[in-house]
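Okay, so subunit A shows up in both of these, paired with subunit B first and subunit C after.
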Partner chain A sequence: MSSSHRSDPGANALLRLYIAGDTPSARRALESRLRIMKEWAGGIEIHIVDILAHPEAAESAGILATPTLSDERATPPRRLIGDISNTAQVLDYFGFRGKDSGYDHS
Partner chain B sequence: MTTAEEILIDPVLERVRTGIEAFDDLVMGGLPRGRTTIVGGTPGSGKTVFATQFLAHGITVLGEPGVFVTFEESPAEIEVNMASFGWTIRRWREANKLVFVDASPRDHDQMIIGNFDLAGLLTRVLHAARNSAAKRIVLDSVTQLFDRFVAEQTSVRRELLRIATALKKQGLTVLMTAERNSEYGEISRHRIEEFVADNVVILRNALYRERRRRTIEVLKMRGSRHVEGEVPITLVEKQGIVAVPLSSLRLEQQSSTKRVTSGISELDSMCSGGFFRDSVTLVSGATGTGKTLLVTNFLAGGVVSGERALLVGYEESRGQLFRNARGWGVDFEAMEADGRLKVICIYPEAQNLPDHLLMIRELVQEFKPDRIAIDSLSALERIAPDSGFREFLISLTSFIKEHEIAGLCTATDKSLVGGQSASEQHISTFTDAIILLRYIQEGNFMHRGIMVLKMRGSEHDKQIRRFTVDGAGMHLGQPFNGAPDIFGESAASRREE
Partner chain C sequence: MTRSAAEILDPSANAFLTGISQLNFRRLIETLADGILVVDLSGTVLYANPAAAMIFGYPAADLVHIPLGRPVISGETTEITVHRRRRSPADVEIRTVEVSWDGKPALLASLRDVSAQRAQEERRRQSQKLEAIGRLAAGIVHDINNLLAVFESGLRLLQKQLGGEAPNPNSAMLIEELISRTRNGGALTQQLLAFSRGQSLYPETIDLNARIEALSMLLERTLGSGTQVRCDLDPALDAVLVDANQLDVAILNLAVNAKDAMDGKGTLSIETSNSPADIEDVPAAAARFVRVTVSDTGCGMSKEVLSQVFEPFFTTKGDGRGTGLGLSQVYGFIKQSGGHIRIESVVGAGTSVHLFLPRPPRATNDEPRSSGKIRRKRMDE
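What follows is the complex of A and B.
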């Protein structure tokens, strides 16, 4: 699955991480989240949505699976389900290329 | 099926009525509460209708709110598609009696890496159920859920089981629809029924002789009894699915001893005083022997003695029937104008057999006739699948008897002299009386003869009587002297050989 270029490289990207309570997979996802935010110097903010506390958020976003990392601003929205520990893969999927990748994000 | 089993099993499982009456009868009152039922069917077999009806009945009749989890159509589409059945989904949603969990496909890119769970789905369903105090949950269809995670079948199976278990723990009655590839192949794609369902119901929409035949079958009911076999169903506007009941299952035997006139006084005396009030009589004969005349007399005789009469005609048009009647001195027009007679003519091919049955039932409930004539059953048999016709007859005859209506049905013999029609073989066991009309040769003359072959619960004349027809109808004459064989060749012709 190839990535699209981000249209707003200047602004902080906002992703959402949907988890369901305190489970091993949720904990792993939360650790990955920190790594991803650190890795991408361009600035990514990843909001955590615990659907057990906010089921209506899962309903409005149409979330079926957890963990789901979601970019609702992309058209169409992009979702990565399951294991998000491979930071490079995650960044690539959401269209954040490494600075030396040769891609221009503008 | 023993009483002991009944006592052991039935109290454990409280029943949730689906609102499809004859189906609820098949499963001893409804789906077991707090269990999961799979409703499988090919596309177009009525799964979503069944599921919606299950929720609708809970909401409108029993005060049980429901949750509709849709994986395929959007809630708006379901609202529109189900409107023709008279279900006001929008109003239920506004009153919070029905809550949708919209899991229909949305436009987004998705990638799956490694393990995941469907906690998102479960959380949404439980949230919706809590908010509406739901008792009934529909997931339509879980096959779509599998298709959404094509490469992750094992995970979806595990998660679906987890969801079913969690909903069961809440005491919720769950109905999952599942798609099938063929009418008589595997039960469902992904074999969902094997790991998740307590009960399995199959909806079919099979092609038979270029016609659709819809049925419902209960395949499995864990820990309880059910009636086996396919039952015809039909989709009815403003109602939804209507299963055509096999009334024979709970046939309450007659019997009224009250007699009503056949419309011909001589025939009444042959039957020791007329037909029984709640009985079905079969008139069988070749074409031109006078079946429709007997029908006309039967109807007119009822109307004259103050009854209401209904005629359902499958062979002739209203115009023909009215003209015939006039020729025999009976004025159908005046009778209809008085509201004492109703004549409905319809081509057998116009609808399916179950629909014909429903139409008759509705006519009876509307018009409340004291007697009904059906002319002819042979015409209906043309469009019937073999087993379907028998079911139809059982249902029809027991319906007529339950309503204490005097029924007269005709059947056409294929051969002109004697012989049995196929419908005759089918019908004879379900009818209470059989009257034969036959061509009988005597010398160089061809006469018409009438005889009462069978009359349940009564004495009857065993002779074969001549009859003639004129502008005043049927006139019975003397018995035949010889011994004509009414089942085969005429006696006279055999003697000559």
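What follows is the complex of A and C.
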């Protein structure tokens, strides 16, 4: 359902994961982050932003809910809110194809 | 725009909607207690019902067009935290399904604010845990007291057996020393008991304002010149029924915490009120309690710290400055007195600790006094 696919999945993508403190949903999101980064070893970098520690970062980025995974290089920023443990849905949304399915069909 | 309500993509679901007019459907959604958000596939809000607007703290009209982000589609309910300006964040359950909106694919998220429920569960969990720790402490104190009693009587026996003719004069001194150490141990266990619920209190009818005035003189002298002490005492304050010594200790504990939080600079206020507003889980608080609030303009505490402060031995004060027993004494005392405690704290701004203390049973004609006996633990959850 995602509209664009990255033509070069080897390129480094930088996402931000906004969380708020140490809650169960934040912990889940952090685990998912590790899985996503492992699945796309080296290809995706996800920075963590704890908005309790950096409220101004959330304010300026317009983050209303956490956890939010955000690609801020897109305009408007491409964002996914909620439980990101379904990594297939996450990767698809941000334009990464599953590794096994290749990336040649369109 | 002709269509104002979402259409569930699953055609079988449409069967439920036949017979409901667009207008009725819209009214239904507008009055729903749950928040409803319709978001397009790029994450821009297309529709928000009033309940959703409430959760996000924006007028519904302002929410529309906001690039909120796409909610993760999931058959199950998951949880997010919604952050609002000048309000505490809300724990929100969210479930998102695919719908079509104005003929285009979109997402419908239903939201439920579960913050109040979570807070209540957390308080219950907390008080159960403290009760368990209290029981454990009481058991240990009992055992240690028995041991100490054995030591002390053994030492007394030795003392007697040696009489005046100890082979070494140091032995007599050593025995004397050991006896006083066992007494120290006894005093220590008594203090520990204060944090468990087994400790006996001697509640009496006291004048809270007078008590605070006496304490505030002490506080002014001990808090240092950078900190001010302000008292705002309700002249119409009724008497309270609590253990006077424990009350003093509790207020001193709160004052010491305030002093530590302010790091030598700020204002400590003690306020009393004869008609406190109701607190969430205590309806009619005004009728049965008076309130004393100890506030400071100190560092405040985070939600994480706040959730642990009543635990015995929990302290954030390093290098031996904290024992972690202050607030557990306050908590134990308040619970045992049949009162309530509530803490409000804002990081960087300060902390207010509210104590709700019980009034004595009324001795009026319509409500005869129950032989002067005190109803203890009447508010226990």
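Note that in this section the second predicted complex is superposed on the first by the 90 of 106 C-alpha atoms of A that agree within 3 Å, B and C clash if a C-alpha of one lies under 4 Å from a C-alpha of the other, contacts with A are read in each partner's own complex, and residues count from 1 in each chain.
Here is the rule we go by: a residue touches a chain if its C-beta (ideal position, glycine included) is under 8 Å from a C-beta of that chain, and two chains touch if they have at least 3 such contacts.
Since the model is a prediction, treat every value here as computed from it, not as a measurement.
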For the overlay on subunit A, clash or fit between subunit B and subunit C? clash
Between subunit B (first) and subunit C (second), which does A:93 come into contact with in this model arrangement: first, second, both, or neither? both
Identify the partner contact of A:56: answer first if only subunit B is touched, second if only subunit C is, both if each is, neither if none is. first
Which of subunit B and subunit C A:13 touches, first, second, both or neither: neither
Tell me which partner A:22 touches in the superposition: subunit B (first), subunit C (second), both or neither. second
Considering only the touch criterion stated at the top, classify A:78 as touching first (subunit B), second (subunit C), both, or neither. both
After superposition on chain A, which segment of subunit C among 20-28, 110-118, 128-136 or 326-334 overlaps with subunit B? 110-118
Taking the stated contact definition, name every residue in subunit A that is touched by subunit B in one complex and by subunit C in the other, in rising order. 1, 20-21, 23, 25, 51-52, 58, 62-68, 76-84, 86, 89, 93
List of subunit A residues in touch with subunit C within their complex: 1, 3, 20-25, 51-52, 58, 62-68, 70, 76-84, 86, 89-90, 93
Using the touch definition from the top, list the residues of subunit A that touch subunit B in their complex. 1, 18, 20-21, 23, 25, 51-52, 55-56, 58-59, 62-68, 74, 76-84, 86, 89, 93
Across the complex, what residues on subunit C touch subunit A? 41-44, 56, 66-74, 78-83, 89, 92, 94, 96, 105, 302-304
Would you mind writing out the residues of subunit B in touch with subunit A in their complex? 101-103, 106-121, 123-124, 126-128, 145, 148-149
